[in-house]
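Structures for review follow.
Shared chain: subunit A. Partners: subunit B in the first complex, subunit C in the second.
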Partner chain A sequence: MSLVSRIKGYLLREEVASTALEIVGSVLIGVLAGVILLAATGYDPLQGMYYLLVAPLTTPGGVSYVLVKPIFIILTGIAFAIPALAGVFNIGGEGQLYAGAITALAVGLGTGNFVLAFLAGVAAGSLVGLFIGWLKETRGANEVVTAIMLNLALFNITLYLVTNVFGSQIYPNQSESLPRSAMLGYFFIGRVKIYYSLIFSTALAIVAYFLVYHTSVGYWIRVAGASPKTAKYAGISPSSAAVLSMLIGGAFGGAAGALAVAGYAGYIDVTLSSLYGLGFAGIGVALMGRNHPIGIIFSSMFFSLLIVGGGEIERNLYGPFGYAPKELADAVSGLIIVALALPYAYRMLIARVRQARIAKKVGGGKA
Partner chain B sequence: MTDVLGWIWAVLSQALAPGSLPQLAVTMVRLSVPYIMAAVGEIIIEKAGVVNIGIEGTMLISAFTGTLITYFTGNPVLGLLAGVAVAILLGALHGAISVYLKGDQIVAGVGVNAFAMGITVVGLKLVWGGSQGQSAYTASIQPISLGPGINISPLFFVALAAALIGWWLLFRTTLGLKIRACGEDPKAAEAMGVNVERMRFLVTTLAASLFGLAGAYLSLDWTNAFTKNMTNGRGFIALANVAFSGWNPLLAIVGGLIFGFFEALALRLNAVLSVVMPSASVQMTYIVQAIPYIAVIIVVAIFAKRARAPSSLAKPYIKE
Partner chain C sequence: MRRRFREGLSKAAGIGIIVIIIIAAIAGYLYMQSQGPAQTTTSPETGTSPTTTATATGTTTTTTKPVKVLVLFDVGGRGDLSFNDMAWLGAERAKKELGVEVQYQTPPSQADMKPLLEQVSQSGEYDLIVLVGFLWTSVLNETADEYPNQKYALIDSTTGVQRPNEVDILFREQEVAALIGVLASGIAEKLGGDKVAALAGMDIPPLWKFHIGYLFGIQYWNKKTNSNVQLLWVYTGTFTDPNVGKEQTLQLLQQGAKVVYGLAGLTHLGAFDAVKEWAQEHNETVFAIGQDASQEWIDPYHIILSGAKRVDVAVYTAIKMVVENKWQSGIITLGIKEGGVGIWDLDGVREFAQLAAEQGKLPEGMTPDKVVQIVQEMRNEYIPQQAWDLANQLEQMLKNGEISFKTPLSHDEYDSIINALQNGDLNAALASGQVDP
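This part shows the complex of A and B:
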């Protein structure tokens, strides 16, 4: 008995250490699988890992590029994380992003004002989130299903609006471009180009941190997610907290879309290639950041590195099948997500190792 | 406004003209197959208390494997079996993660979907090269002709059989009772003498074969090539079908046909549009393509409330 309680005490003290182990372990599993895949198909795996994880950081251009995607995936990550804390699985970041992007484009073109465009995008995203949360709580509709259907529907509707309503008169493959006044610009540190919107979205992540951990709204959301029963005793309705979390999450998804247009590109292309996947990437980012807004800032940098590294692989890694496909990076990040689903397994592993060690000390000898 | 309404009426009445109904029905049946198959597989898995939202990714990998094996052997039946085998492996992975490693089942499913999106394109590029996003054409499963122009895939009947057998298994056999006990009250199941972990693992592994069949159907029957992201959300529509059916395999046939109908309608509307107003049809296509997804949301919003999920769904069972 005392042995068990000692192990428990040990584990509780080292909660942080085990989280770190989970994250590092997951990344290693994903990367290792990538190495095996490269080796199995005849590519030089070490060179592959160099292009995937190191090469982007060796040039100012590469670093500038790595610092672009986090603008959006910090925010789609938070769009996933806040509902997740309330126990809701927001896989609809993608649709919230489209809604935010197209609304920001429309308002930006109409008013020429960045603030209005941004706020409109945030509002559109939060409406999409609210709708999913409302369907879940009042109609019992599974949020995964409705969110995916909304993602697909909004993809098509956004395509329609980009081509049909906001199509450029000059360039056939994109919408009209926002005026300078409706956009955030960029600056240079040395030769590294940094968008002001990166600073903006990092600041929003810090706002999210305060919202979640230092306000009563954040407290409701966390209690409702951790224990709906406790929440009810404390007078918090878990279902209101869930809907509220989707409203807030959707707002961040919308903000990501708004910045993709008004903080970076200035237009939307007619295949939505600049938007597609940013919402889904947010899920991995949030899981790796363990749904903590500050953790998400760092994990967004890692996922961005992977995406840019995928491009490096496709340009530089030559083998028996031609240049290696950049989608290898997607496969690796998928496996990292699978491995991130396993905190209990890591904990069991740690407990086993400890048990063995303690048993040895006590003199039992058996692991 | 009346102009628009009149125009919509004109398009709809032409799309649903009596003469075109048989073809619409055939398309509906063709599109319903993956929704029925995958939903039946997921219903059995969820009845045992495990949720697998990696249907989409499993289908995609099976579709790719089916084409790959058919391409090298020339035999689509072998391709189909290979698709099923890969799905069973992925099912075993999901089973191991959710049953023995007590992992987060939803997260694991999302991971499989993301992995599939990447790995199938990697495979596509390695085997067939280029960036056109499509494999070479292969041999395909031949349809059964039930009359002039009425060709039905043999896999539609397999889907119906899967639903019937699934229903019979779950609700008319002792094994089914044990499976359902694992999903409703695993402690009681353990008291009944059921090894909950082993049962959940086996069900999660074996029922995933239906995801494989649904995926390989896409690339070997429906079309005769693999295309990048060819599942396009169908695994999630199957998930919607699970909720629609109220976890009843027989009602999953009805749900599959309803979702298939909306998709068939969208295809038909686009065909009519390209005749009625060729100039604008390209843009209108996008709006029409959104119809099936919106229809799914409406159907789910209407029917989900009445359905009750298995009590211990997605909760890992940890023996004391």
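This part shows the complex of A and C:
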């Protein structure tokens, strides 16, 4: 079969076509809602959409900026997506990120070695993920509740360590900086600045893709998520698949944290503002990318574009009451993100409810 | 059947994509149109609608183009009723009085600061980029050399590097702290105590300056009135933790402090809570003093004064330099003489109470007028006239340049100045002039 016909065949597959249609429709609906909001608040909606979606891509500085945030959210997106495929709701990407970041900082400062710092961060994140998964499967603790509580605990532990143990003697707003040897640098294509860590996290996403769709581990995870009954029948333990998926998800969350420190900033600031929210952003990014690692690469880029574009709106969009406030920009990008994430989130929910109903009807399992 | 469904779907997807492209094209066309000559009619009252893409043709007409300034806030942005809001006030004043065009942006997080600064510097769109607060220090230090034609003004911090395209605007904190020291001592004696306290953030150079000024003011009071007011100075080690601030303040009050001067950003919001709690539980009058913005509105019964750090004046000064073509790189310090620091008067208290009211942050049952009235009553009742007189005297000497304070360059120098002040040697804190013995 020739390449063209293969691609054609792929595109004609029902799921691909319907996904494409859904994404296009969602973007249209989101943009339309944003246009209505802008018009209602008295701003020129076309100008607004230009700043949000196009302006950042017209300058090398803007493109460089758009290419920063995906470094982290590709990975936190996958941290959500892999457990989600196994039917586990990993809201703990945030905590796994903190654990990865602070561990990478500590090891980076101690050894001055990037590889060690990165691996330590990954290990810390996966331990947190494993802990949540283990509590769920052995003690029946709801993973959402455990994860939220752990997020809070890890936030404060990290905060404490950053201010009291690793605090900088020079800058009161940050931890000590990692030495150059413990960090990944950047390079330029033309005037566009690209961090090596972006290449790294994209490569990790591709690894995740192969893991999920081309290995037996990935197959277990997907079967366990799609139908726990079938999995059991086929000799796969759904609960160990769930724990395993949390371990893998946590590793990606930890990797995001490690790269935020050793692959980008080199330090953690004392309000954790450079980390806070990246884990939650990962959930949105994963839903927009339909929990598919390759989809997540693109949705991360799009998400980042919306953030940078939101800044363009705040800076440039002029209306009857002066320049648009930051909140309006956030609201417009929020609408587009919700429109994109909602259909898939809805289907995920429906699938879960249906599963629970089947489990009840059959009368087996521990629900 | 299924096949037809499939084809239908992909056809629909194709149509969808085409529709998007068409819409995007129309949008782009309309946008370009709106960027053309018609733009002045869209906002006739100001004539300052954004001109982002017109710079290519505008290069020859730079003389008629208004000066364009970008103010980059701290993370968090407007609504802090402190640094960011003051920077906004200063820039808005410049917009009105100097006819400049001002744009604002808030970085979503500290991780965004560097790429954002690089983006806007690279655009070459702005005559001046104003960076509000010390979070920008290391970011600017890494960026400024790459864009030698871009002018930057860093407010309340310094990179420590002299560059022709960078001005760092600092404040002479010693001067405001000295005035507060005199007034606080007066309040403490009025309340029958002999201890005043300060809750400081971290042991860093700006706080050293506050410490020297505050202690100088206290000793000035002691010398002039033959009293013996003592200073309790505490470093909390954090600017961001109100809980720590509250605990430490309760300890200071336990040790007999009658006045606590908050010098720790968010941390000293906890000091305000502690003072209120202590006053109510022990049925005793004690006061807190705010810093930077006027903070009296937070609790006018217990916050009697605020030291001013006029970020608005700093922003205005920076913009003015560019507008009047009097660019001066390096470090500029603002003190009492330039109106950069001082004590917030009742007009200032009212202005911030109004800002707080607009943002819905004023405590329940308060109005700006009521805040001003309460503060006025408190000040009349608890600040002795003698304290005002001595503070005014000091203020005049600073204004006339008769005296000026030292700025310690090392921790050792700071320690030695503090030691000398403790022993009553007031002149040890002065770089020029003398206060009579």
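The rule is short, and it goes like this: the second predicted complex is superposed on the first by the 308 of 367 C-alpha atoms of A that agree within 3 Å, B and C clash if a C-alpha of one lies under 4 Å from a C-alpha of the other, contacts with A are read in each partner's own complex, and residues count from 1 in each chain.
Everything below uses one rule, namely that a contact is a pair of C-beta atoms (placed from the backbone, for glycine too) under 8 Å apart; a residue touches a chain by one contact, two chains touch by 3 or more.
Predicted model only: the values in this text are computed from it and were never measured.
Trainee: Classify the contacts of A:Y264 with the two partner chains as first (subunit B alone), second (subunit C alone), both, or neither.
Mentor: second
Trainee: Identify the partner contact of A:G133: answer first if only subunit B is touched, second if only subunit C is, both if each is, neither if none is.
Mentor: Neither: A:G133 stays clear of subunit B and subunit C.
Trainee: Just subunit B (first), just subunit C (second), both, or neither: which does A:R315 touch?
Mentor: second
Trainee: Answer with first, second, both or neither: which of subunit B and subunit C does A:T163 touch in the superposed model?
Mentor: both
Trainee: Applying the document's definition of touch, where does A:Y171 land relative to subunit B and subunit C: first, second, both, or neither?
Mentor: Second partner only, subunit C.
Trainee: Under the stated touch criterion, which partner chain does A:V24 make contact with: subunit B (first), subunit C (second), both, or neither?
Mentor: In the superposed model, A:V24 contacts subunit C only, not subunit B.
Trainee: Name the residues of subunit A shared by its contacts with subunit B and its contacts with subunit C.
Mentor: Touching subunit B in the first complex and subunit C in the second, residues 163-164 of subunit A appear in both lists.
Trainee: Sort out for me which residues of subunit A touch subunit C in the complex.
Mentor: 11-14, 17-18, 20-21, 24-25, 27-28, 44, 46-47, 49-50, 54-55, 59-62, 64-65, 68-69, 163-164, 171-174, 191, 193, 260, 264-265, 269-271, 273-277, 307-308, 310-311, 314-318, 323, 326
Trainee: Hey, which residues of subunit B end up touching subunit A in the complex?
Mentor: 53, 57, 97, 101-108, 110-119, 121-122, 125-126, 129, 232-233, 236-237, 239-240, 243, 282-284, 286-287, 289-290, 293-294, 296-297, 300-302, 304-305, 307, 316
Trainee: Along subunit C, where are the residues that touch subunit A in the complex?
Mentor: Touching subunit A from subunit C are residues 2, 5-7, 9-10, 12-13, 16-17, 19-20, 27-28, 30-31, 34, 42-43, 48-50, 52, 70, 75, 77-78, 103-112, 115-116, 118-123, 134-135, 137-138, 201-202, 204, 237-240.
Trainee: For a test of understanding, state which residues of subunit A touch subunit B in their complex under the given definition.
Mentor: 37, 41, 89, 91, 135, 139-142, 144-146, 148-154, 156-157, 159-160, 163-164, 280, 283-284, 287, 321-322, 325, 327-345, 348
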